[in-house]
Each structure stands twice: as C-alpha cells, then as structure tokens.
Amino acid sequence: AQEKRTFYWVSHGSPADPVWTYFLQGAQQWATDTGNTVNTSFHSGDVPSHQEAIRAAIAAGADGIVTSSPDPGSLVEVAKEANAAKIPIININTPDPTASFDAYVGGDLVVYGKNWAQYLVDKGLVKSGDFVWMPVEVPGATYGVQEEEGIASVFKPLNITWEVTDATLDQAEIITRMSDYLTANRTKVKAIIGLGDLVTGSIKRVFDQVGVKPGEIPVVGWGNSLDTTGEVKEGYVNAAQWQDPQATSYVGLSLASMAKSGIPTGFNVIVGALYEKDTAQIYDDVLKGGQK
Amino acid sequence: MAEELIRMENIGKFYGRVQALKDVNLVVNRREIVGLLGDNGAGKSTLIKVLSGAVPASSGDIYISGRKVKMKSTNDAIANGIETIYQDSALVPQLSIARNLFLGREPTIGPAILGRLDTAKMNEVSRELLKQVGISKNIPPDTPIGMLSGGERQAVAIARAMHFDSELIILDEPTNNLGVAETRGVLNFVRRARDTDHACILIAHNIHHVFQVVDRIVVMRHGQVVADNIDPKVTSVDEVERIITGMEEEALL
Amino acid sequence: MAEELIRMENIGKFYGRVQALKDVNLVVNRREIVGLLGDNGAGKSTLIKVLSGAVPASSGDIYISGRKVKMKSTNDAIANGIETIYQDSALVPQLSIARNLFLGREPTIGPAILGRLDTAKMNEVSRELLKQVGISKNIPPDTPIGMLSGGERQAVAIARAMHFDSELIILDEPTNNLGVAETRGVLNFVRRARDTDHACILIAHNIHHVFQVVDRIVVMRHGQVVADNIDPKVTSVDEVERIITGMEEEALL
Amino acid sequence: MNNQYFLRNLIAKPEFGPFVLLALEIAIFTAINPNFLSPQNISNTLAFTVELGLIALAMTLLMTAGEFDLSVGSVFGFAPVLMWTLFNSEIMPLGLAFFVALLVASLIGMANAWFVARLKIPSFLVTLGMLLVVRGTALFVTDGFPQRTWSAGGSFLADILVGSFNIGPFRIYMSLFWFVLAVLVLGYVLNRTKAGNWIQAAGGNPGAARARGVGVEKTKVALFMLSATLAGFSGIISSIRTSAANPNSGTGYELEVIAMVVIGGTALTGGRGTIIGTVLGIFILRTMRNGIIMVGVPGLAYNIFIGAIILGMMALHSWLERRHQAGT
Amino acid sequence: MNNQYFLRNLIAKPEFGPFVLLALEIAIFTAINPNFLSPQNISNTLAFTVELGLIALAMTLLMTAGEFDLSVGSVFGFAPVLMWTLFNSEIMPLGLAFFVALLVASLIGMANAWFVARLKIPSFLVTLGMLLVVRGTALFVTDGFPQRTWSAGGSFLADILVGSFNIGPFRIYMSLFWFVLAVLVLGYVLNRTKAGNWIQAAGGNPGAARARGVGVEKTKVALFMLSATLAGFSGIISSIRTSAANPNSGTGYELEVIAMVVIGGTALTGGRGTIIGTVLGIFILRTMRNGIIMVGVPGLAYNIFIGAIILGMMALHSWLERRHQAGT
C-alpha cells in the first residue's frame, strides 16, 4: 500500500476548551482511518509559539499542515514558507483570507455572530434600547472578537446595547461569576449570547442557582457540547450554533492529503448550522457518539 | 582508669576543595570536661559538627562506648546521647522562648504528634530555666526569640542544653555575647555537668573561662590536633596561648 | 576642653510595647574611646542602632558637632561620618571577602555605578587588611564569606571598618568569636583609631578587653545609663562588674 | 488604661490588618449596592468560597513550613475526573471511587514532597512541573472530554459532601461545614500541637529544627500530602455541586489561593502562619470578586479592578503594619 | 593532575548541571528526529527563543536581587498593543509610539518597585496585582480587539528590531543580536560592575547591604524598570515579527521565564545569579517545546512531557550538585 505520511495539526485553541476536544477527535479519527500519523499541538492563542510550531512542522518535512488561525494576518509569513516548501497548508475553524492557505474548512465567525443577533431580533426577543449580556471565556481571543463584530453589525443600527464579560475557562469560576452577574443585573438583561461553548453550556446551572426559569431570559450562542444540546432540549437555550468540529478536522486533513498526492485544492468547505429544540437531538447523538 | 565515652579516629573533612580537618583523633572520657581551643578557622566547629552529625566526615570513624557508630544526621547523634549547642545559635526566631526550649521534645497532652502542647508546664519550666541560666530581667516565656538581644538568645540556647542533659554536651563558644551574670551561669552549668555524670566539650576563645572549668585542654591548628593532653592545673594560660598561635607567630606583637 | 562630637539627648525607644531605652543621654568627644558596658538586654545594641540610623528612636535628639541631625537611615549616619560594625556581623554570605570589604564603596574603573570593579586593587587591599587584622591563615580574597569560620567572618567585618575609617567608629562586641591573634589585632586597631583622630564606641562583654583600650566607661542597665564617667585608670574591674550587675545581685554567686 | 492595653493588643495582632480590610470592603460594596448583603448573594458567594477556602487552609500550613504548592489547581481538576471516570466506566462504585481519587491525590502530594524534601529542589519548580504533569494526565486520559456526572441529590456521598438546605432565607451547602471543620482542626494543629510547633520551626529555621531532632522532612511530606488531598477533596465537592467534571477545572487557582494566604498575613518565606488570617484572606478575595460584579464595573475592566484592589489593600495593609511597628 | 583540577573546577561551576541537561536533550531529540538539528529548525527555534530570552535575562538580575516579577507576560502583551494603538489612531508616528510604549512599560516597572521597595509588600502580590491591572487595561482600551499591524519590512524600526537575513542556510533575525547584546551587557553588569555587586548584596543580605550605604531600594527600582522595559521591548519585537498585537499575548510567560532562570541555577531566594546559566535555561526549555512537537508527542500529552522533563531535569540537577558537594 501507500507509504505512511506525517501531518501536523496545529490548533490555536486551548486544550481547556471542550469544543477543541471534538476537533481533535476528528483528527485522531482520520489518523486511525487512513493509517497516517497526525502530530497535534495546542497553543492557547499564543501567536509566537503557534508560528514556531508550524515552522517546526515545515522543518520536519511534514506531508501537510492543518492549522487554525490565532489572529487574522498572523500566519501570512508562515503560510508563504509552507507554500515555498511545497507543503500543503489548510486553514480550519476560523478563516484568514490574507494568508496564502491552500484551502479553508470551517464556518465564518462573523457570520455566526450576525446570525445570533439576527435570530434574537427576528424572533422579537430583543428590541431597540434593550441590553444584551455576552459572557466569554477568554476576552480578546479571536473567536469572541469576531463574533462580537458580527453581532455589532446587527445591534448597533438598532440601538441595542451589550456588554462582554470575562468568565474564564474554569467551570466553577464561570458559574460563580455568571451567577454574580445575573444576580446583580437580572432586570437589566433582556437576552444572553454565549460567545463560547463553556459559557453557553453553563446557562442551566447558572439559571438554577439564581432561580431563573428556562425561557425567562432568551439565550443563543455556541452549541458544540452535550451540556448545550441538553439545554436546548430543556428550553434553557433558544438556539445554538453547531460547528461540525470533527468533520472540520477530518475534511481538512483529507484535503491536505489529497493536495500532497498532487490534486490541487481549489475550493473551501463551509460548515455549520444554527439549531433549535426540534433538531437538537441530532447533534446530541453526534456528540455522544464522540464520547466513547 | 578513665572510662572512654567517645573516640574519634582519623577524621578528615573536605569542603569541596578546602581541607578543614586532617587525621584528627579525639577521645572524651565519661565525666570529663574537655576544652577545645584553637584560632579562628582551626577546625573546632567542623570537628564537633562531625561528631554531632550536622556535617558528614569525609573519612574516619566514630566510636561511642567502644561501639562504632554512623553519624548520618543530627538524629543519630541525639539518639546516641549527644547534645550540641552551636556557635550560630540554633533557635527559631519566630517561635517563643518556651517553644524553642522544648523544640523537638515538646511535652503534650494526648496523642503523640497531634497532642496538645502542655503550655502550662512548658512555661513553668522555661521560667525556672531562664532564672538558672542567670537572666536577671523578667522575660515572659511566650516572647518570640526575634525580640531578644544577642546575649539573651544565647542564654536561651544554653538553658535548653541544661534541661535536656545527655551523656555528652557540646558547647561551641557558649559564652560569646554573654554578660557577667549569664557567663557565671554557664560556667556553673558546666561544672555541674560533671557532678551529674555528664561529659562535656567546651569551645571558647576566652581562655580564662576555659581554665576555670575544664579537666583537660585539646588544641587544634590548621585542621589538626597539635596538643591533646594539657592539664590546666599544670600549664599556664600564656603557654597555652603560645601553643594556640604557634610559636612562629610569637613575633607578631 | 574636650571637643564634643556626638550628643544624644533623652533618647527613648519602644519596640511595640517593650521599652528598650528610657531617657538616655550620651556624649562622645573627638578622639575619645568610650566603652559601653551592660548586661544582656541592657539596651546597648539598641542605643547604637539608634545612633547609626538602623532603628528610629521613639523620642529624643541627636547632635553631631553641635548640629541637630535626623537619623532616618543608615545612609544618614554614614553621611555624617559614623561607621558601625554590628554584633550580628553584617556580611553577605554569597559574596567574596573582597566584595564584602568594599561593599557600598567599590573602587571602579570607568563610569560610576556601571563602572568595572577594580578587582586587582580590591584583592590587593583585602590581602593587606586580612593580614593587619591578624588572620594567620592565607585566605584568598575571592573566597565567599559563607565558607569562612565564625571568627574569620568577624575579622572581615573588622577589617572593613579599619579601612573605611570615619569620624566615629562603633564596634558592637567585635571580639566575640575571635581568637588570640585576631583579638590583638582588633584592640590594636582601636588604639590606633585615637591616634589617627577618630572617636570610637566599643561594646564588649569581656571587661578586660575594654579596660585595655578605653578612655572612659559608660554603663547601662535596663535601658538606662547608670554611670557615664568611669575612668578605667581609677576604678577597678571588680567595681565596674558590680555596677553592671547592680549591687542587689551581689548575692547571686 | 486596661482598655487601651486591650486595644493595643488587638491592633498588634497580625490578623488586625486583614480584618479591617474585609470590614471596609463589605461596607463599601454594601453602600454601593445594598443587594450585596442579600441572603441570596451571601449564599451564592459562600458556595464556591469554601471550596477554594479548603485549599487555602492546607496551603497555610504548607507555607508556614516554608514551602508552597502550585499543583493544587491541577489536582482540584484531576481528582473528580478520576473519580467519575472510574465510576462511569463501571470499574467501581462511587464511594470507592471517591476514596481512590483521594488516595491518588495524596500520592501526588507525596511525590511533590519527595522531590522537595529528598532531592532539595525548590518547591516552585517541583510543583510547577507537577502541575503540568497532573493537568496533562487529566487531559490525556479523558481525551479532553468532560466526564459525565449526575446532578447531586439522592446519593449518600452527595448528601454528605454537598447536600444543601435552607436556614431561613439562606441556602447553606454541606461544604460550609467541612470548611468550618477544617478551620477548627487545622487552627488547632497549627497553634496548639506539637505538630504545629514543628511546622513553624521547619519554616522558621529548618537547620535549627533539624539539629533538635525535629522531623523537618517528615513534616513537609505530611503537609504536601494534606494540601494535595484537600485540593482533591475540594475538587470533588465542587464537581458534584456544579455537576461538571472537566479536566481543566482549577486552572489558575494556585495563584489565587496563595494570594489569599499571603493577604491573611502568613509569611511568604515561612515560619509564621495564621489560619484566622487565611479565613479573612479567603473572604477578602472572594468578596472582592463578587462585589465587583455586583456593583457593576464594566465586564472587560474586571481584572483592572481586581488587580488595583489587591494593590490598594496591600498598601493599606503595609500602612497598618507600619503604624503598629512604630509603637507608642 | 592539572587536567583533573581543571575538570573538577568545571564540574564545580553552577552552570555545569544545566549544560549537561541541554546537551542530553539535544542528543535525544536529534536521535529521534534528525531534522531537529536542521538549519531551518534551528533558525525557527532561535526566533522566538531570544524574545522570551530577553525577559529571562532581566529576570535573572531581578531574582538575584531577591525579587521577582509576575507582570512581565502582561507587559509583553500590553506594550505592542499600546504602540499600535497610538500609531493606528494616528496620534503619533511609529518611531515615537515605540518609545512611548517603552516608557510606559518602564513606568509599570517603577510602580511595581514602588510597592515592593517603599511599601515592603512581597513582590509576589504586587506583581500579581499588576499583572491583572495591565492585562485588564490592555483588554479594556482595545475592547478586546487585536490591533492592526503591518507586516514587517520596509520601515527603519522594523529592520532594526526584527530584520532578518541569511547566513549560509541559517535565517537570522536581528532580535538574536539584541539578545546577544543583552547577554553581554547584563552578564558584564552582574559579574563585573559595582551595580552587580549591589544586586547580589541586595539579594544576599539586604540588611547588611543597607547598613553599608548600598542603595538597595534604588537597585531594586532600577531592576524592576529594566525587567518591565525589556518585557515591553520583547513584546514589540515579537509583535512585529509575528504581525500580531493581541491584548492576550504573553499569557503565562511569567512562569516559563522564572522556570528558565531557576533551571539555569539562579537562586529562587536571591543572592546568587548567573546569566550564562539563564542562557542555558532558556535553551533547555525552548528546545524542549520545539523538540516535543518535532518528535510528535500528542497535543494533549504535551504538558505531561514538559512537566515530566522539568521534574526529571531537576532531579538530575540535584544529583549533579550533590556529587559535587560531596567533595573529594
């Protein structure tokens, strides 16, 4: 059969972020299915070490590189170097069109943000003058920033105000801080957008602690965890964004391997869906299947 | 005739490349007070640190009552009945006088290590000891060591040895920092040690103090023993001083 | 007739609730060697710490050559020509002998603080000083202080004061830990201080040492000065001992 | 006269500074938002506070003995993950899994102690290394997935550890009782027992303690094990209460816990420690976090305020200390 | 005889342990993946290593003086954000913004020093507080958004700071020269100058140093400012090289930098420091991170390895030390 190949899968995510667990799982599944080696690393948004890892992959003579982008523009140089070394380099999770990647697999965070805001507006859950609370695990990290950009494009013209708060990546701390915030601002908050998987997945526990009934405050946000699929089913969360994490990694690696074999990757793959109560079970099953 | 308690044989000690002790032999008999003299850096402190397990010897053997022993830690020495009062007095500045006095041998009410400290007893004994050692001021036993003057600290260290008397008590320059009354207290303590069946090694630069109490004087120079059987009743202070400094340094003054 | 150098007036000092000094008055004249005696905890170290800016007085004033001065830090004292050698000798264990000797006053080649240390000169002077202070062994000046014996450290601290002589030199128990030769070196140094126009305060528990060199003796007890004009040529050692301990303690021995 | 003496004595206590800080803090927050003292908010704050507090109490003893432990946060995350993994994969019943998890935690502490006490490596490096190993192991064995937990209630273990009940308007968790128990026991150990004397001596002057036959190394081993075990215990409590066992929980707790201990007045260099001070330190820091959100500072400015308050409180603290030391 | 003396002298050096560790590490990684020593990988590793290295060098001096600085990571993130904000909002040209950013960084260091030296608050708490304030400020002023940067090249400033050129097969960044310069200057300062003597004295026995008129406080102020300024400088270099200015960058660097310094042999308690040791420590840790990716350790197990290697290296280190101390 074909000789074994080595691919590098470089993530700007934090291993503390459950959604990246699913991304990782996709990569591992692909390695098992194809018999190739996939070397993985996490860099928690640290640009220098992320770049260094990609360069290490280039130096090691990788057969392909699959990477997310820690910051728009931050991988322009290394992408060029990979191109020069004729190593396929595929962008996943967050797009960075300024860099010369061979292809992109994933959604568009700005669009996701816009969708959430539009959902709240269209369903009449918020109106002009309202205040929306947007907790995030790591303020300043790319995902939250881009989502906020999309949200702002909808809310700003409608004169809806919002605040981003720092929830951290720690489960107990998230619940504590979110409960504190909700206790203090219960009357003011008209809707919640969970900018990350951990915060959205904590909504039920926070509502229970503060004594807010499901549905009393509308919630939208990320939905790549069993916690959130459950919350959607029980009515704590109105709508959640699905990102196809496993598929993203799997397809990204496939594209890299295909490019290595000489078939150019002249297209991007866009994934993702916003789901409500009726379709939540599908994603619940996908995620449970992931957790063996 | 005299019954041997400690025998150190051919002790050598290197600190990295520095040779601090070279083939040192020392015998201490029961009920004997030995004065260990020598100029600065002669190796006195190092020798007794070896004996008390504080630093390991590079070579040589130690016998207690004729039995060869390994001194791997201070616990070994304590188990063998050797009590030491170090030059750089070994107290914990944050703890009170009473707690320092009983450190490592605290009387407790109730189960072993988690037993409650018997503070009443500790305070009482402490007060008694401070008086015996000659501290004239009335210092409460719960005063932290850090609040004492240099001499008061030294006195506390002495008081500790007085209480937990062992077979051999080693005193490294115990009268430094001490005032008139306190010095008297310490010398009395050494004299009493013999009467109560203990041996004692006394290191001091004040030769007059040494002459007042010891049975025998051992002199070290440059890491070696240069005289080990000087009788203070026979030899004069001046002569011992000459032995300490080495004749050739006579010219210095 | 004598020209006044230092005048301390009504100095009081509390450590928290402990009163260490109470209305102390002390005068030191130029070219005068004053012996400061007192039992442990009498307040001697505290008094000279106040004078050298190491601890702030709770009350009272200090005059230098008749000029009132504030001693807020040791720098103030140094600027006023007061040099102190503390009982707990103030050396940096990690640094070499030479670096300790010149600490704070390093000779450099080139620009001020970033100038290169003049090691050649430092080593040369250090060797010379160690010889003067009576250290018989040949210790290289780049030996870290941490590797020296107790007495050797003390000798280094003395050597430092000998080199950087100021108007007033304060020695707090400088002969503790010192051997015969080293003690001689220190006492010679004190004698020479007067000849070279310096005043000196000497604290020591060995009254014999004090008697050999001082012009005048001041005695403290329980934080107060109880005698401040004892002439060692007139008063006997025994009498001074009685003053130090207080008559009432006569009974003790 | 006697009154004044009493007052001076009170001010002289090392716990006086932190006490004033806490009082001030509560007063200010309540003035800005009266809800701050509402039963609901108090119950809220207490829930998580005591979990972190348990770790801080053990850390107080360890720091008094002159060492510290950066790995507590990772053990906090690892122990519940281990427990739930054992239970979920049906290897053993929950009660047994609970004890195994605590046992493993205590072994981690023993490993720390071995490096520190036997190999004489600074505890900073040892426990930093251990932090990475334990955290990494938690991630690796779970593949990064949070472990499934059932929500509390029903089980005997859950009732004992985190059962909650209402006293008047307050919702009290069982963990509060564990905390109070730990305060009493550890306060007693530190201040009244032989072990306490050894702990203080080990931190104050280890050489002197060793020369007196004090088992300095043994003491440290016991304390490292205590600190790891309590970190694991508190992690399990927290995981049952929040129904979440995430391999990453506890990230960054180590610094917060050390800050609590130091603010309370325990010396960073060892030798002097106070359990009461730590209790105050725990409440000072947690109240601050809660209060800042309650009074409504902008979300992204949260850290600025936390940092500024730590600095401000320390400045006040040092000023109080100075006043006291100046005497009279 | 003479040879043996030379060897013994070499082994006695505190830098010998770290040196052996680094050699071992390189040997092992190269054995597993020969590409590890390829010019391309060496150039790659050097690029970021020297940026972190700059901070570690300053930290070495600070730790020798008995203090440490947890806020370096936040200054690393803040300085470039400030510079780019000033430039992007057209308040000032880039060159000026560069100096303003460095100036602000040095003021942060001064603030740290003020709390530590004047108020006598442990540097652990002060710099932890400062870390939160600086990180929070970076987030708050940017609203969390990364600043736009242009890619390097063209500008005079960019050339000086991060310009790169090829020497044979190696691609060398200007930052390497800044690093070498810092090694030489700081090594000289620490070992040969009056200032160096003061730094060591301040850490070894501050009381003694003060009594001799050494400006212990002034020395510390200078070092805190140095550490913050170099952290800012290295942040700016890094941001230009990577074309990214994110308010979160530098998170967690503080612990890594301190670990580098301690692994190199500088005492955590002050008084003894070695620049050469730190250089070795820097390479030991960075090589490890790079090597682990090269040899393909799974991402989630990454931390286990880093932690285990820190522990293993420290054990080896302590064993080497012991052998040496045993004498003969």
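Order as written gives the chain letters A, B, C, D and E; numbering starts at 1 within each chain.
The definition used in the following text is that a contact is a pair of C-beta atoms (placed from the backbone, for glycine too) under 8 Å apart; a residue touches a chain by one contact, two chains touch by 3 or more.
Small disclaimer: the values here were computed from a predicted structure and weren't measured.
J.: If each step moves to a chain the current one touches, what is the fewest number of steps from subunit A to subunit D?
T.: 1
J.: Please work out which of A-E and C-E is bridged by more C-beta pairs in contact, and write that pair.
T.: Between the two chain pairs, A-E has more contacting C-beta pairs.
J.: For the two copies subunit B and subunit C, what is the rotation angle that overlays their Cα atoms, in steps of 5 degrees?
T.: When the C-alpha atoms are superposed, subunit B turns by 180 degrees onto subunit C.
J.: Suppose chain centres are the mean of their C-alpha atoms. Which chain sits farthest from subunit C?
T.: Taking each chain's C-alpha mean as its centre, the farthest from subunit C is A.
J.: Go ahead and note the Å separation of the Cα centroids belonging to subunit A and subunit B.
T.: About 71 Å, centre to centre.
J.: Give, as an integer number of Å, the spacing between the C-alpha centres of subunit E and subunit C.
T.: Taking the average C-alpha coordinate of subunit C and of subunit E, the gap between them is 43 Å.
J.: Please work out the Cα centroid separation of subunit C and subunit D, and write it as a whole number of Å.
T.: 47
J.: Could you check subunit D for residues that touch two or more other chains and list them?
T.: 139, 143-144, 298, 300, 302-303
J.: Got the subunit B residues that touch at least 2 other chains?
T.: Where subunit B meets two or more other chains at a single residue, that happens at 15.
J.: Two-or-more-chain contact residues of subunit A, please, as numbers and ranges.
T.: Each of 15, 24, 139, 164, 166 in subunit A touches at least two other chains.
J.: Enumerate the contact residues on subunit D facing subunit E in the complex.
T.: Checking each residue of subunit D against subunit E gives 115, 119-122, 124-126, 128-137, 139-140, 143-144, 255, 258-259, 262-263, 268, 298, 300-308, 310-311, 314-315, 317-319.
J.: Under the touch definition given earlier, write down the residues of subunit C that touch subunit B in their complex.
T.: Interface residues on the subunit C side: 15, 18, 38-42, 45-46, 87-88, 134-137, 139, 147-152, 154-155, 173, 176-184, 205-208, 222, 241, 244-246, 249, 252-253.
J.: Flag every residue of subunit E that touches subunit A in the complex, lowest number first.
T.: Per the touch definition, subunit E meets subunit A at residues 33, 35, 38, 40-41, 44-45, 47-48, 51, 138-139, 142, 144-146, 148-149, 151, 238, 241-244, 246-249, 251-252, 289-290, 293-294, 296-300, 302-303.
J.: Provide the residue numbers of subunit D that touch subunit B in the complex, in ascending order.
T.: 188-189, 192-198, 200-201, 203-205, 207-214, 271-272
J.: Give every residue of subunit C touching subunit E within the complex, in rising order.
T.: Going by the criterion above, the answer is residues 52, 54, 73-75, 78, 84, 86, 90-95, 99, 102-106, 108, 112-117.
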